[in-house]
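This is the structure, below, for whatever I ask next.
A, B, C and D label the chains in the order they appear, each numbered from 1.
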């Protein structure tokens, strides 16, 4: 999970990128970076922390150009090291290529090895550096930009929404299956924006044009966006977890409003697994939209049972049992008058390890709840993700080894029910074959060593 | 608005205070401070910023004692100056008095002048320094602690919930009208806590014992809390705005659960001022509880229209119109599919200047809403507060000069309605004469130069 | 040891104070503060660290006034606590008094107790707060400024060079014995400066007018400096250690150039305690001037044996013997070709605990020196200082218990000699009775409980 | 100018590197970095600032290995950009190569272009990245380490003292002419150190073994240092400016003690260009050793005329002439009693632009000096340096266009004299052909486009 953004406009790029990245902050809080083309070279700023911490007003004022790219990072592949903070930068024969990327390659090691044979070394463990090396390696040999991107699309296996800046020119491309989200918009000042989610466009008052298509290469020129459909797969494989959890509820991904998917999932869940209770409450904030849907469909009143402290803060660690209880209450606190002696339906988006659910249920029970019916707006997560989601190993996924009833007993719910896979797909409004459901089914849309792959989607490359 | 906390326990004080203050962070984000008694002297840490910024783990580990007090500050009287950050500290004849305070005195100037006559000077513009000077001035003459507090209760006019640490002894007192909230709790480790709100007790797993009573002096000793009812007023005057907006929804203030007040206000508002619409939406987060009540009572589905970005971040300022639009969207973004061509009831807690309401309505309208019915869960704010709320001058209060219809037109709502005063009082469950309604009525519970005071509440002092 | 500065000029005060304090940085590196009068109130900045760390350019640009005071602190009395950082500030009846101070009171406890009787408390353990409280306590009663200062001069016992700002008016006063240095100068822009040392005046291109006299009150007005000789002692008692070590060699204190005193001391030392050696080397930087004098008088060539690393840096601590050796070499490194098989005269300013001397001698010996003749440009330090120097207790002063020969053996010198007291006094060019020689003789110029006082110097007060 | 260090020992590397770099701080203050091999990967810390600022104790405690390298940077080639901070890191086929470098390549552009042909790109403008790319490019193809270094020595033209860490193995090599200094030492704990200067070895109590020879490859193994003389030039070309100014006076470079060179230069200068004056004074600290020599030879007493403020601090900038005067006095202040009405010989190491000399002379004259005889311990600098010294362009070198008499008049000296080239060479004790005198003669020891090269030194490579 990461967030990417790029702009090419008539106004200064840095404030636009700052607001785009702030709107994408939920996609990565470890580090952030902005690169802007000043006409002759690249101005850079990157570092650990939130967007508001990495970029001071003084930093932003340093940037003088109107074209730039930016990134917020959630550390998955490569680990949390300073050299993995994006954007990456490549210099060759007087040219400058900057790259940001959201997604995860599955053939990085093979590529690193292949390029080592040409005497190429790497300075980081990031797969973004591999993407840039593949691209730059073609450009430095004199290939056209389009041919270099086509080469990259053929070479790179995995999920990748990529934005680049070659000297002062902005372009982007998306993997043939369109696994991770990627959209483009038009600003009121005549410029163009590429970004992970449409909510980022809203943040700067830009209009959503459409999503970047799987396998598409888009080049932002002075006359607008030039598109080349370089690859065409049989069907896309959009990540279902973006709809379940990752994306902002106010975003529209690949034509589908996220809040609607979640709300409808809640409605279907209410139909599939009704429970007789006095109130429907979300686990804030991830369960809210589904709880709203559940309440509407079931007719049971929506009422908050848990209040989230909006101020982030680490728990101060003491070597005692006491500590762990303090831990949870830093973030969530039940409303005693709502749960005491009540029967409550709690709605959350998913269960991964089960530890958080267990702590929340124990907390609500401590405040006197009589019955807690947990309803989950996704099917059980049973398999790892190799394509950009930071799930734990299969062993740590509670639903991988345990039945729903066993999970219910482990976490301490009165009843537990997940929405069905078909219910979730129905809520998405997309054909099942347009979705990557790997984590829910264990069947992946592309070849991953040691895993089952659905019938490989044929890709047709332009040349 | 500020938050105060104190602990006297068998375990280290600093982690407890850290979590108490974090739970009270909504009451003040400008600065924070913790003082702990180490057995012979006071260990201190204070500074600008959020609790998580002011206190690093290394800072907290420095503190070695089991008794301490803390404060989070919202700058009202005295301005945002480093010397006004609490706690305050007073040294005299080998004794050490530390003081934190929530509230606002109305006779500070007279007191400063009186003490100047004794050769006493001040080092800050904070009225907390005045409280400490009055207390310490009696203690230094050899008075007993109880007599010194009685003297202070007679001398100080205004709102004040105060926690002190005299050498290693924790005590607190509350103004005779109990204007600002103040409660006490018992920990699992045999200690006691004093704090602004009960949600802070929840954060450290402590049990709410009861509220500190108006005019009460509580001394935390080894055998528990010793109480002295030093002053008794005819009736209290609890701040209504704590229930409307300030307090956390999961707190219980003076026996009344805050979320219930807000939810019931929403229900009454729905009865008083129904509107025919497709959905009820809160202005997050302050309008959520009332919107839940409104939806339930009206039968109109609850559905979010606005998503709040949980990451705080300043707007980067550019010299253009563009900027201001960017400004609002940093925080709130409409869900297009919910508001486009729809008729929406928006519920918020209050209108002060009207500028925020205007911007939000304009934003929702830009996303295509057909009708926006604004419902406010408080009567119009027509008068300033002198007792701890940072309202602007009477001139800047939009409802002071304008009728509800004029306000509706100014901010651009289709319809606008406030809950009635009697409705709000009914929702609070308290007798009207137990509340300070100054900002809603212009009539104050104690003498304020140039303002109307309700029949002065008689106070009977113990001696 | 601290440094103080004040300015009242036609140009902005902050840059002037910054450069004054930077030139006085050797007098205190723990913390620094600047207060400037902006016409209606005091602008403040203080904190831990060097002048260059405490004040950023942005900080300095905030200051808008032309009158201000500043301080650099070396923590002696009161300990290193944030509340002890100077300047101190006192508010009373619409007036504002800011105070900085160099020196040490010997009757602080009695004064704190006396003022407690009036209900006055303190917020720090600094004796500067006592000075300000005494002054402000008179001013608040309506006394004239001159009468208030006279009262302070009668009340305060010890060493004190004080600069104050009352609203926008700059003034200063010096204790009746003139123990700590204090001078005044005139700028090219028509303003006046008060400062600890004349080298600070040089730093801002100002002309040294003269020293502030012992017992003098100077008020900087629009027409220049108005002087009142409020107290007259039989004779002054200037601190001898300022000439030996504290002051900058380029300063002139009470009419005497510091470098000349040190150089002449070296010459006298060469006459008194010649040693036959190949070179004369200073312990840098404190022994340089005396080594130059010793070399000239003895005819033995001056040549550096030790090079000082100009970059300050803490030693990184490892739990081993190894560490301590690393420690010394962080700062000083011998030049092997100069000391190997050579006979060297090493000149230093003083010996306090003896630990530094021991380590330096061991280091030089490790590099192969055959003979090391240590020559000290001060008599043995045998008694504590109560008047502003941070010496250790009598027990820790190596020369308090040990003879010169015993010290020589302890620290490992081939020979060791100190300049005689009469030699040092001769080098100073001042009459012996004009100097405070407490640390060298154990006899102090004013009453200190438990110590011998020379015949008390009579003070005549103006009124 | 930069400083490099490496250690392979039985004790933790980080504290050793910290102290080595601190001792080399004079070679670069812009940024610093330390890399340590933890057994399986490289631990890193780098950033802008002094060694004491970049590495906190907590940072140093993170490092767990016993082998590591470090760097302090003075920005010459490549500009002051974060990506140019050393060490550099290269990953290939499971191996990790870290590189630090002091010096400057003259064929960087050609190399970058050549490697671009293989599809290799760069991430910085540093020539250190080029060195690492050349080395790693051979290693990745399977060459032995020795063959890879031999290849690099053939490929790289310019000055380069290089330390590398290949996985956990430390090695170094020096350009065939040995332009920049490089030495090795043995620690008391059985380890080995590579460093720019011998004074760094002193700082950690290590013994200087010898200098790394020009063209030598040294590999630090468990049994000690294995040396391979891979290249042999006709003669070395040690940088003369290291002896004149760069190196610490307590270092021994290529067998020659630096302080001795400077002192002897002062003696020769006194013989060549005596002046009749009352005192000889250095411009501190760079002129001190030469002034000591001048004083001894001339019989004129050594006495300081200028005192340097040891606390670094930027000048606070005001828009006025006043400012520039303040500027100089931040650092240097004359001793009035020494220069007033006196005739002074001032000794400095060199004149580059002439601006500093001009300001110092004007300052000394302002304090009343009658005659100022400036003596410079180097011949005029008339040509740029391409091999590691950050001189300005030829146009900005005052001695490039002006005669000595013209320079004297421009800077305002009574008389001005430089030591002769033969005098300086004599002082160095090295044959003239063993030195790089490019900046003093305009003739360089290797081919530089557009400049005169002395008869190219033949290099014989081992294979």
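In the analysis below, a contact is a pair of C-beta atoms (placed from the backbone, for glycine too) under 8 Å apart; a residue touches a chain by one contact, two chains touch by 3 or more.
Nothing here was measured: the structure is a model prediction, and the numbers come from that model.
Least step count on the touch graph, chain A to chain C: 2. With respect to chain D, maximal separation of chain centres occurs for B (centres as means of Cα atoms). For this pair, chain B with chain C, the centres built from the Cα atoms lie 49 Å apart. Centroid to centroid, with C-alpha atoms defining each point, chain A and chain B lie 37 Å apart. Across the assembly, chain A contributes no residue in contact with two or more other chains.
Taken together, the chain D residues at the contact with chain A in this complex read 44, 81-83, 88-93, 97, 112-113, 115-125, 132-133, 136-138, 140-141. Considering their complex, residues 11-12, 14-15, 18-19, 22-23, 25-26, 29, 50-52, 55, 57, 60, 188-189, 199, 202-205, 248-250, 252, 257, 259-260, 263, 285, 288-289, 292, 295-296, 301-304, 307, 309-318, 322, 325-326, 329-330, 333-338 of chain C touch chain D.
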